[in-house]
Amino acid sequence: MTILEITQKLLAAKKAKGLTFADLETMIGRDEVWISAVFYRQASASEDEASKIISALGLEPDIADELTAFPVKGSLDPVIPTDPLIYRFYEIMQVYGMPMKAVIHEKFGDGIMSAIDFSLDIEKEEDPKGDRVKVIMSGKFLPYKKW
Amino acid sequence: MTILEITQKLLAAKKAKGLTFADLETMIGRDEVWISAVFYRQASASEDEASKIISALGLEPDIADELTAFPVKGSLDPVIPTDPLIYRFYEIMQVYGMPMKAVIHEKFGDGIMSAIDFSLDIEKEEDPKGDRVKVIMSGKFLPYKKW
Amino acid sequence: MTILEITQKLLAAKKAKGLTFADLETMIGRDEVWISAVFYRQASASEDEASKIISALGLEPDIADELTAFPVKGSLDPVIPTDPLIYRFYEIMQVYGMPMKAVIHEKFGDGIMSAIDFSLDIEKEEDPKGDRVKVIMSGKFLPYKKW
Amino acid sequence: MTILEITQKLLAAKKAKGLTFADLETMIGRDEVWISAVFYRQASASEDEASKIISALGLEPDIADELTAFPVKGSLDPVIPTDPLIYRFYEIMQVYGMPMKAVIHEKFGDGIMSAIDFSLDIEKEEDPKGDRVKVIMSGKFLPYKKW
Amino acid sequence: MTILEITQKLLAAKKAKGLTFADLETMIGRDEVWISAVFYRQASASEDEASKIISALGLEPDIADELTAFPVKGSLDPVIPTDPLIYRFYEIMQVYGMPMKAVIHEKFGDGIMSAIDFSLDIEKEEDPKGDRVKVIMSGKFLPYKKW
Amino acid sequence: MTILEITQKLLAAKKAKGLTFADLETMIGRDEVWISAVFYRQASASEDEASKIISALGLEPDIADELTAFPVKGSLDPVIPTDPLIYRFYEIMQVYGMPMKAVIHEKFGDGIMSAIDFSLDIEKEEDPKGDRVKVIMSGKFLPYKKW
Amino acid sequence: MTILEITQKLLAAKKAKGLTFADLETMIGRDEVWISAVFYRQASASEDEASKIISALGLEPDIADELTAFPVKGSLDPVIPTDPLIYRFYEIMQVYGMPMKAVIHEKFGDGIMSAIDFSLDIEKEEDPKGDRVKVIMSGKFLPYKKW
Amino acid sequence: MTILEITQKLLAAKKAKGLTFADLETMIGRDEVWISAVFYRQASASEDEASKIISALGLEPDIADELTAFPVKGSLDPVIPTDPLIYRFYEIMQVYGMPMKAVIHEKFGDGIMSAIDFSLDIEKEEDPKGDRVKVIMSGKFLPYKKW
Amino acid sequence: MTILEITQKLLAAKKAKGLTFADLETMIGRDEVWISAVFYRQASASEDEASKIISALGLEPDIADELTAFPVKGSLDPVIPTDPLIYRFYEIMQVYGMPMKAVIHEKFGDGIMSAIDFSLDIEKEEDPKGDRVKVIMSGKFLPYKKW
Amino acid sequence: MTILEITQKLLAAKKAKGLTFADLETMIGRDEVWISAVFYRQASASEDEASKIISALGLEPDIADELTAFPVKGSLDPVIPTDPLIYRFYEIMQVYGMPMKAVIHEKFGDGIMSAIDFSLDIEKEEDPKGDRVKVIMSGKFLPYKKW
């Protein structure tokens, strides 16, 4: 199965069961964003996590294998995404990339925020002037090694 | 003055004064990331904010004008940034773009997180296994208008 | 079904019924451009709107589901479009982008015209020297938030 | 003088005089967007219009020549603009390009909206929920010639 | 049917009938280049022209519909063509683009040669030193509108 | 001197003398487009032609050398030009590239139209419905050699 | 049949027959590189050459037609090839392009080496320090025409 | 000094002395193409070769240092060259890349022609039908190592 | 079979047999990275190596042919890879490319490290602070030939 | 000072002193590749390291500041490097990227080799068949965090 086929199968089963990612978070014990990343094959599940996902969705066990594999990640097309929701993250990087670099270097020194030892949460902030999307990224600071 | 010259002048003055962005946050009453964005001319200060920044840095008043202008924003070069710190945000978008889209749509419906009615904070999380960079984005949800 | 297949199915049904987008505007109570955007899966219909569209076109109900989903938007290929009609909008952005930026900033301050809280109408202006296409865009002004 | 230098000279003079583009519209008898396009050297003035602009801005006459030349137009850099205000017009083309093509073809037949025999107005729509930017484009429909 | 399939079907029928584009010019009363553009779906035929083409090629009538549609035009892949014959036109634009711009502006003022109100003929010039390809383009001059 | 500087010097001298390219055609005995190509350093003059051009423009003899050199040709920037006048030639190649290829192959066999053994003329066709730009290209047909 | 299918069919037949391109050179009377170019549909065979190739490979006659057509040429993907053998030719152009231009202009004047009236041979030079690949290109010099 | 400045200085001195690259070949004992590559800083001279070049050109000794450095090589701009003479080598790679790969693999096995242990000669073949440019490349065959 | 199909068939057989690349290294007598390169068709096996691989995996003999062919190599898509593991090698080249060039030139003179006469090993270094990936590349130094 | 100016100043001083990077390794107590990375401003020195470098090179103390800053890293131009030495690392990634990914995942699980907690050594392996360049990379394995 291609990644696209796996994703569509999982999304269809989730819809048929009437489950949200938040429901899956409760059932599987992992964050909804991480579970969604497994759906899009950007994260790999352990065998145990894969069985739980499969069973929550009522799918046949043989698809579990697909969820534990380590696929090629990061496959937005084209390289500068055109979907408005995803593009805004590109724009944030364009507009706030240098300011963030300046502040992170000042607080931590020369290094980066890891995108691997990393988690990402999405919360809904209710607000009378219009609800807000809150995205919280937490990545380990990795200082440049000298040798 | 080009944007690059303005930025370099501000950074040099800040270094000469021995100030951090966090110090400026206290002195000016705006978040350090936003102030850094003004330094890189990705955000525009009011006249009052510009005077405060100029005075904190001990610069001549005539540069204040430059900080209230509305320059062309978003100017990383090349379009896929090569600086490792900034690239990680591109990678996060590549890897977690579709999962975030799925979760945001599920929580909010068809629309986007605004990158304009938006704030971004950076915090240092102390952690015995290595400190963590916490990036908190908060953007108004904008539902697609129908007409 | 892929987006392309959905679009072709809808366009074929519309042609078979001899309907124009203007007819659909009357039948469904939404603007013809917005309805066309639903056809190309750039806008999402509510369940009620989807049923009306399906029924107007004489299609089976199960395609309604496809019209309420939130697909990846913005998929012209290549990134600089080569179709002459669509390219002209790229050219307008190239030629009049900076002038529009200057005038909008002067009238509104630092911010943008929303492309989400946004509507777009197309009218035919009869003119003895040759009819004119009138495109009217209306987007909420979003001022940059400071924090 | 390069185009950039001309633009900066004109903008500085306009600022020094405290004039808006709307003021210039009144003084020169041309739309403010078109005048702004002359500032950015995307439109060419007649000798008469150039003198009026120069005189309104209090500049020396020899710059008038620069405003009547026909420079290379369309020079956003990079090809997909990163400035959020200008990018939204790229996004509109990406999202609504095909729907607009469908509606324009249905109303007019095979052809395009001219970007040359073309005008563009920007209006401010006051709205209690937030002011709106109204962009009105009017271009002659050009049907494909057969031969 | 995709555009590629339509083109291949038309070319195969033309070959089977032993017809040249010049023969079709005589039979249909349109220039051979325009007819070839219809084959590649870069130009749209009227219903009458479509029937004549279909009948000249001995094809079933239901393909006529495909020839009257308005497809997305301009689809060379990649954006800088690699086919040597087509590339030469890119090269001509690269080498002679600015000189042509200078001469056209001098003769006509600020504006463009239309590529819509446009015709293109190809003639064979016999020459003892080697035959020559003559390409004659004729496009309406469109002056920039002021407003 | 850079190519840009040479071009600007020549254009300024031509303007100061009040000469058109058509005037230069008469004075120098070469086509105006070819002379314009020398101005933009896309064509190389012989020493005799260079002296005639220099003398017609009233320039010092030492610039003649620059006109006989063989510079790097074809330097539009970006690779898909954004100037509307020049872009139309890109569009013609996109839309009519394959139809031209089909007709040229049919008339001449496998080969190309040379862009080197090549001439290009621009004529003004007066027309009550609007004057037309006529571009006539003539290139030697080069058949593919077999070996 | 697509070009890829034709190429694969020819290569499979050649392998099944145990023939080298050098064998085909002997049998068909054309150079092995040119024959290989026909296999990849970058060169067009005459009807006679096509029959000889078909018969040498033991293929059915109806594929001969495919070898006499004039396909779109030059289709390496991506535009800067990644295959190391082919890339070296790109590297040679990058490193020696300007030096070759300088020497060719000095020997021949302003013009180019034709890639159409052109042949290319590959020879194996035995060498105790390691055999060498010899590539001999011969193209007609085409001087720029003046007009 | 930048590479461009070095090249221009060398070319100017060569012109002033009235020397051809072929003359330099005789004086320095290296091939004219290699010497031209040193001029464009694509090849590095030994100290002895550098002195000979400097002395042949009548330049001051201190430029010799520049000719023995190892600069960044391969710097055509843009990545697909637009100069017609240089582009033809790109076209040859596009059209004959796969055929050459097939023949080289058949003659030598899996590996490449080195572009480092490599020489390139340019000869003028006189021909009554038009002189020909002969380019002879000789590169060591490098078989892929297994490990 | 396409390369993708071959790779998937080999990986599936390896998984079914429960073999690691390290196991295959022992069975076949070639390094695990090289064997993996054969799986992805970036390296070519001899007939003997191909039989050993096929037999170790329990596959039918006819696939052996596919492993001895010389396919087009280097096919990451897109050209700047987005998979985080592979991207890090691009980043290393971006960050350490010039420093490596400086050190290699200083140690060896003008030339390159061969990527053909080349081997690459991957080792696991156990480390209490977190295991390390060790990548050892060994390529023959190739000095630039002069001629 | 720009990065280019700093690099050139450091390289010139190193040349004037007749020092190699290996000499600097001994004098400063850091690896020669890391020191070279400081020269190209891809690594940041501590104040102590900066003084040692400055003093070893006999430069004025005020340049030390430049070596402790955290500049934008990774700035090869163009994005696919054309310098043959650096390109080989791109080629290695293209050819061996997927095989390395497969072997690293098998040995370590889902994660990456860090390019930050990373060192890179270059050694000269003497070999009678030609010396070899040995590049040893050592990066911490970072497993994907789940959350």
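Here the chain labels run A, B, C, D, E, F, G, H, I and J in written order, and each chain numbers its own residues starting at 1.
As a convention for this text, a contact is a pair of C-beta atoms (placed from the backbone, for glycine too) under 8 Å apart; a residue touches a chain by one contact, two chains touch by 3 or more.
All values derive from a computational prediction rather than experimental measurement.
Listed here as common contacts of chain B and chain J: A, I. Homomeric contact chain G/chain H: same residue numbering on both sides for over half of the interface positions.
By residue number, the contact pairs of B-J overlap by more than half with those of exactly one pair in G-H, G-J or C-E, and this pair is C-E. Seen as a C-alpha superposition, chain G sits on chain J after a turn of 180°, to the nearest 5. With centres defined as mean CA coordinates, chain G is found 48 Å away from chain C. A straight line joining the Cα centres of chain E and chain J is 54 Å long. For the pair chain B and chain E, the distance between C-alpha centroids works out to 50 Å.
Between chain C and chain F the centroid-to-centroid distance comes to 41 Å (mean Cα coordinates, whole Å). Each of residues 33-34, 72-76, 79-80, 82-84, 86-87, 91, 94-95, 101, 105, 111-112, 114-118, 120, 142 in chain C touches at least two other chains.
You'll find the chains touch as A-B, A-C, A-D, A-I, A-J, B-C, B-D, B-I, B-J, C-D, C-E, C-F, D-E, D-F, E-F, E-G, E-H, F-G, F-H, G-H, G-I, G-J, H-I, H-J, I-J. Interface residues of chain I, counted against chain B in their complex, comprise 80, 82, 84, 87, 91, 94-95. If you check the complex, the residues on chain G that touch chain E are 72-76, 79, 115-116. Only residues 78, 80, 82-84, 86-87 of chain C touch chain E when the two sit together in their complex.
On chain D, the positions that touch chain E within their shared complex are 30-31, 33-34, 43-44, 70, 72, 101, 105, 109-112, 114, 116-121, 142-147. Here chain F touches chain E in the complex through residues 11, 20-22, 32-34, 36-37, 39-40, 42, 73-76, 79-81, 83-86, 88-108, 111-115, 117-118, 120, 122, 124-125, 127, 129-142, going by the rule given at the top.
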